Amino acid sequence: MTTSSPSANRVRVAVVGASGYTGAELVRLLVEHSAADIVAMTADRKAGQDFGAVFPHLAGAARAHALPPLQPVDAVDWQAVDVAFFGLPHGAAQPLAASMPSHVRMIDLSPDFRFTDPAVYAEWYGQPHAAPQMQEQAVYGLTEWSRDRIRNARLVGCPGCYPTASLLPLLPVVEGGLIEADDIVIDAKSGVSGAGRAAKEASLFTEVAEGVHAYGVASHRHAPEIEEQVSSVAGRPVLLNFTPHLMPMNRGIFASIYVRLKGGASADDLRARLAARYADEPFVRVLEPGVLPATRHVRGSNHNLIAVFADRVPGRAILLSVIDNLVKGASGQAIQNMNVACQLPETTGLTQQPLFP
Amino acid sequence: MTTSSPSANRVRVAVVGASGYTGAELVRLLVEHSAADIVAMTADRKAGQDFGAVFPHLAGAARAHALPPLQPVDAVDWQAVDVAFFGLPHGAAQPLAASMPSHVRMIDLSPDFRFTDPAVYAEWYGQPHAAPQMQEQAVYGLTEWSRDRIRNARLVGCPGCYPTASLLPLLPVVEGGLIEADDIVIDAKSGVSGAGRAAKEASLFTEVAEGVHAYGVASHRHAPEIEEQVSSVAGRPVLLNFTPHLMPMNRGIFASIYVRLKGGASADDLRARLAARYADEPFVRVLEPGVLPATRHVRGSNHNLIAVFADRVPGRAILLSVIDNLVKGASGQAIQNMNVACQLPETTGLTQQPLFP
Amino acid sequence: MTTSSPSANRVRVAVVGASGYTGAELVRLLVEHSAADIVAMTADRKAGQDFGAVFPHLAGAARAHALPPLQPVDAVDWQAVDVAFFGLPHGAAQPLAASMPSHVRMIDLSPDFRFTDPAVYAEWYGQPHAAPQMQEQAVYGLTEWSRDRIRNARLVGCPGCYPTASLLPLLPVVEGGLIEADDIVIDAKSGVSGAGRAAKEASLFTEVAEGVHAYGVASHRHAPEIEEQVSSVAGRPVLLNFTPHLMPMNRGIFASIYVRLKGGASADDLRARLAARYADEPFVRVLEPGVLPATRHVRGSNHNLIAVFADRVPGRAILLSVIDNLVKGASGQAIQNMNVACQLPETTGLTQQPLFP
Amino acid sequence: MTTSSPSANRVRVAVVGASGYTGAELVRLLVEHSAADIVAMTADRKAGQDFGAVFPHLAGAARAHALPPLQPVDAVDWQAVDVAFFGLPHGAAQPLAASMPSHVRMIDLSPDFRFTDPAVYAEWYGQPHAAPQMQEQAVYGLTEWSRDRIRNARLVGCPGCYPTASLLPLLPVVEGGLIEADDIVIDAKSGVSGAGRAAKEASLFTEVAEGVHAYGVASHRHAPEIEEQVSSVAGRPVLLNFTPHLMPMNRGIFASIYVRLKGGASADDLRARLAARYADEPFVRVLEPGVLPATRHVRGSNHNLIAVFADRVPGRAILLSVIDNLVKGASGQAIQNMNVACQLPETTGLTQQPLFP
């Protein structure tokens, strides 16, 4: 038995939406977190089911750590909760956030609070934003870029998985004026867990294994999210190409980003800028020249690896970026944000090494 | 027993390099070919071994069709051969081609005769071309683009797998002046069989499964091959970005090609041009607007599917192209070329439907 | 266009349930069949959809062969149909068979007509048999064991995939009295396509990839099916162990069968018996001593490979058997049965070699 | 920087053979171990290479924890080492163990010290045992069965991966006389990482993906290892069937064990015995009736899950057992043994939850 009693010094956590993959990943990481305790877990259709039956890989943890049962969200005693993670489908976190007691910090993994402009949300998600006043308080939770604001935030809207993989390499070089912000092509490759646990024909093993394909071409909802952040550092509205592809693997995002250099910058300049920007970051590593990243090098970890290559076309460069979509792209970054928000060491609970092979 | 005796009307075929994957694929297709007979098969290290032991999936075919044994290449009786396929590592086909009796037509699957300019070969393959006089006679075997020249060719240099997937969508729109030839980004994703059957650490299951990565960034040998062909239709030297990625799957290439439109052209114009260009082609199909290709839709077949999408960045478009790297990207196209060269119906032996799931 | 007009000499085929994987596989094989034409295809929920959209890998075939649309089953003109394949969920073929005009031969791929004893069906499928009078006419379609009866059959109940893989090696050695029928352990491993195309959480890529598990332990519906056939050749009721396992692959069944030898028989005796029994069979091959089968050696083909090994425990032996569950385990065997029933050469349309890698 | 200085209270560890998968897995786990420090790492061919280049997934750890370089084994300063792990090919650990200074505890992951009887080693590994005097001191490191002896052991011979998965369920029920020791069939399924990182054709992605096969039938070296241990608790020599199969996945072993019940025992009796035997074990969990284990439920963890099912054949039962072959089947169990030998809490460094999906 390794259960620890919640105490004043520990963070009491609710995992709202614990029956999805991001919820399970939060639980996997939080049970080993040295300063947090899961005090509530919720589910919708699966409320009342045994968590160890819903996620058998965590059945042992559920017993050893005496995890709470899966309840409906309205059964949670919020007075006993310090931090709430929302692992919900889009639209669901907005009313919930609006109704949350003021002492509860919220870390939202859904797209509900990612857009500064609620109109963009409404346009891309097909429904008006239900809590625009909350949106005003929300901080976009790309930790390495909003750490200071997260420290006091009541509500963090965690980035999507593709935006995380794309923005970490892009923001410094756009900010530094090293590339043309209007000539960015992001060709991204993702594992299937990004599609969640919903039973859809398109996510069947037989429909995915032994093949690759693009989807959401020129129409994926992560495009405007990336654009809003790039625009913010560029200082003007930017449109870019973002084309996601589905890979026959569980986890991982590989973003290949094709850029045009600006003002005489070279690929080495880009690498130097990135290396300097992230020199003190525990989870971001800029690779030496010639070293190639792979998604399997970050599997199961909160790491991001970035490489820069000169293109053979003069004046162009290639940025390569990898993350585990469920960790740095979702639950790991969410915990990183919780650590920041709760003034804990930022790497707490996130020091696992990647699992390979 | 379905063995057929070679006769004056049938094509007598030698598969040189039958112990590699492209060799095996030639055998798989040729045993069902209604107008060709395999009369010789060669191997290097595996000469003398039972073909059914080298490729157990073809052991039944070896028996049913009384396939010849794996011999060293110098044991072949070339007088009994009409067509020789070369499934060899680079460098090996050049001396062989130079020494071949004049009645033998040669279909080379290696890179040895793909470059009009032997100096480009020398630069990228690290050794001088050993048969430049043969190179002059060689036809680049992208069937849909050199059918007329293949008809009388003694030597066909079949395109690489990536070039096949890239050139089929690109050539018509460059030729038509619909895109900027100097602003082409090809992000290509390939299955592992493209790496051949050599026992290399990088091709181990454990090193490939559950992950993706880029390789040969800005330095892959298929880049100059694609460039030479694009330059040819552009009418001037073109450099382009070509970035290959390795996928955890056996077969298939997915090429995502990002282009800048020219002279007011739209994505619809590109699609119309492609559809017109390939309307009568049996193996190339241009998809309706909005339909997405996938490598699994062509697995095991000689098909190429092409889709065109408008980018959300004004003035840009996206071409998507899929093939099976071992069929249309290698052995299938080689047989297609043999059919053309031998005045057989072009689809003979190539009508199998894709295998899915 | 390779469409052929139906004629008196050709078999006019209806594929009932063409939107499932076995239906697609029937279409894949039948479009290349030299003596059959698909004249009707039906679907339930997907009736009215474009077949090329439902199965994009066959979109080219649908156009080239002018395949009929997906209609509801009651829209079929049975007067224009000679043979109907039923690729339906259990229970659905029974009323359909009962209502079918007498000139239509029926090849059922569902479990509806596999059991001689309707009570066994009722017990294992949880509902009374709806057409016991049809069951009396039905022939169990393990082609190699009931060829003579299939020749005149109006209704063939094709074996399940696991029973096909298990019975081909078992029946000859039980019949020959070489093994103890009461001491048989069948450990079977299957690809995911055996679960069909239904959108179920358990069949998601993420739930299947990178792992294996047993299911239906001691309770799978294929156990009584295997037992009924083994009992039939043993001449008395037999119970046996059958344990299926799900593999992270699309296609293939590997059956490892552990048996106790009887009356002084050896593993060599088993192999000899099997080799003699199947010497003239086009699709069954008994491997030489020491040669190991693999599912990838039969992928996409109608082949069955069988190997026999002596166990290191005296008096025991091991039978290994592989098939492609969608071909010999379903649609290929169904076409093999159609060929027999229609007095066509048995291998017509089934000569494709396996696809590897 | 999270490097900790070695101190008198911490265990100073050498990883001999750090360039293989079990070596990498030792490093992955040991860098997070709260009471051990890696002070030396050795390699053979890869000595001198950067560890982060050999295993890029650990490049970050190598820097953060200031891991030592890969040196040849004879360059290690053994005076600075408390515990040596041997992750070596068979044969290599014997001379090394014989030459090791007496203060160094040795945890051998190779087969060199697994057999009580050196003659069995000699017979199965094709060479005489080179250090039989060391073998006498060696303890077979199936932790749950030899904890007391490991506590004082200088040399622990860790079990093979298949034996670990097989013995944990088998030993209690054989010891309890609940099953016939002479009628055991072990059908085992393993991921590819069990074959190590050697570049072999048989381990290529293309040779393994999308297929399964048996290997080493009735001749695998883990058979005598399992037999020796089962014989030991049975009190007499036992032979058993052990048939390994290769699965298209990286990690995991699934052992399906078919047994005959003895003396009126039932499957429930087996489960009760196992549950009682392992009630206090932190890494072994006996599942509730009807619950099915899967290798993905233990991926990356040191867990073993065991399930028991009644067979439908009277008097028989089925044991199902899963582990991660690289963790509980190799490096995790090795660290568990180190913890025991060094009087550390047994779960130190081994509390990671499984990674799913």
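First chain written, first letter: the chains are A, B, C and D, and each begins at residue 1.
One rule holds in what follows: a contact is a pair of C-beta atoms (placed from the backbone, for glycine too) under 8 Å apart; a residue touches a chain by one contact, two chains touch by 3 or more.
This is a predicted model, so every value here is computed, not measured.
Each of B-D and A-D has its own count of C-beta contacts, and the greater count is at A-D. Averaged Cα coordinates give chain A a centre that lies 40 Å from the centre of chain B.
Computed from the mean C-alpha positions, the centre of chain A lies at a distance of 35 Å from the centre of chain D. Distance between chain B and chain D, defined via averaged C-alpha coordinates, is recorded as 45 Å. Along chain D, residues 21, 192-193, 206-207, 209-210, 248-251, 293-294, 296-297, 299, 357 each make contact with two or more other chains. Chain contact topology: the protein chains form a complete graph, every chain touching every other one. Chain contact summary for the complex, chain C toward chain D: residues 182, 185, 187, 189, 206-207, 209-215, 217-219, 223, 239-241, 243, 245, 247-252, 254, 256, 258, 292-297, 299, 309-314, 316, 318, 320, 322, 357. Within the complex formed with chain C, the chain B residues making contact are 2, 21, 24, 28, 31-32, 53, 55-61, 192-193, 209-210, 250-251, 285, 291, 293-294, 296-300, 303, 351-357. Those residues of chain C that touch chain A in the complex are listed here as 21, 192-193, 197, 199-201, 203-210, 248-250.
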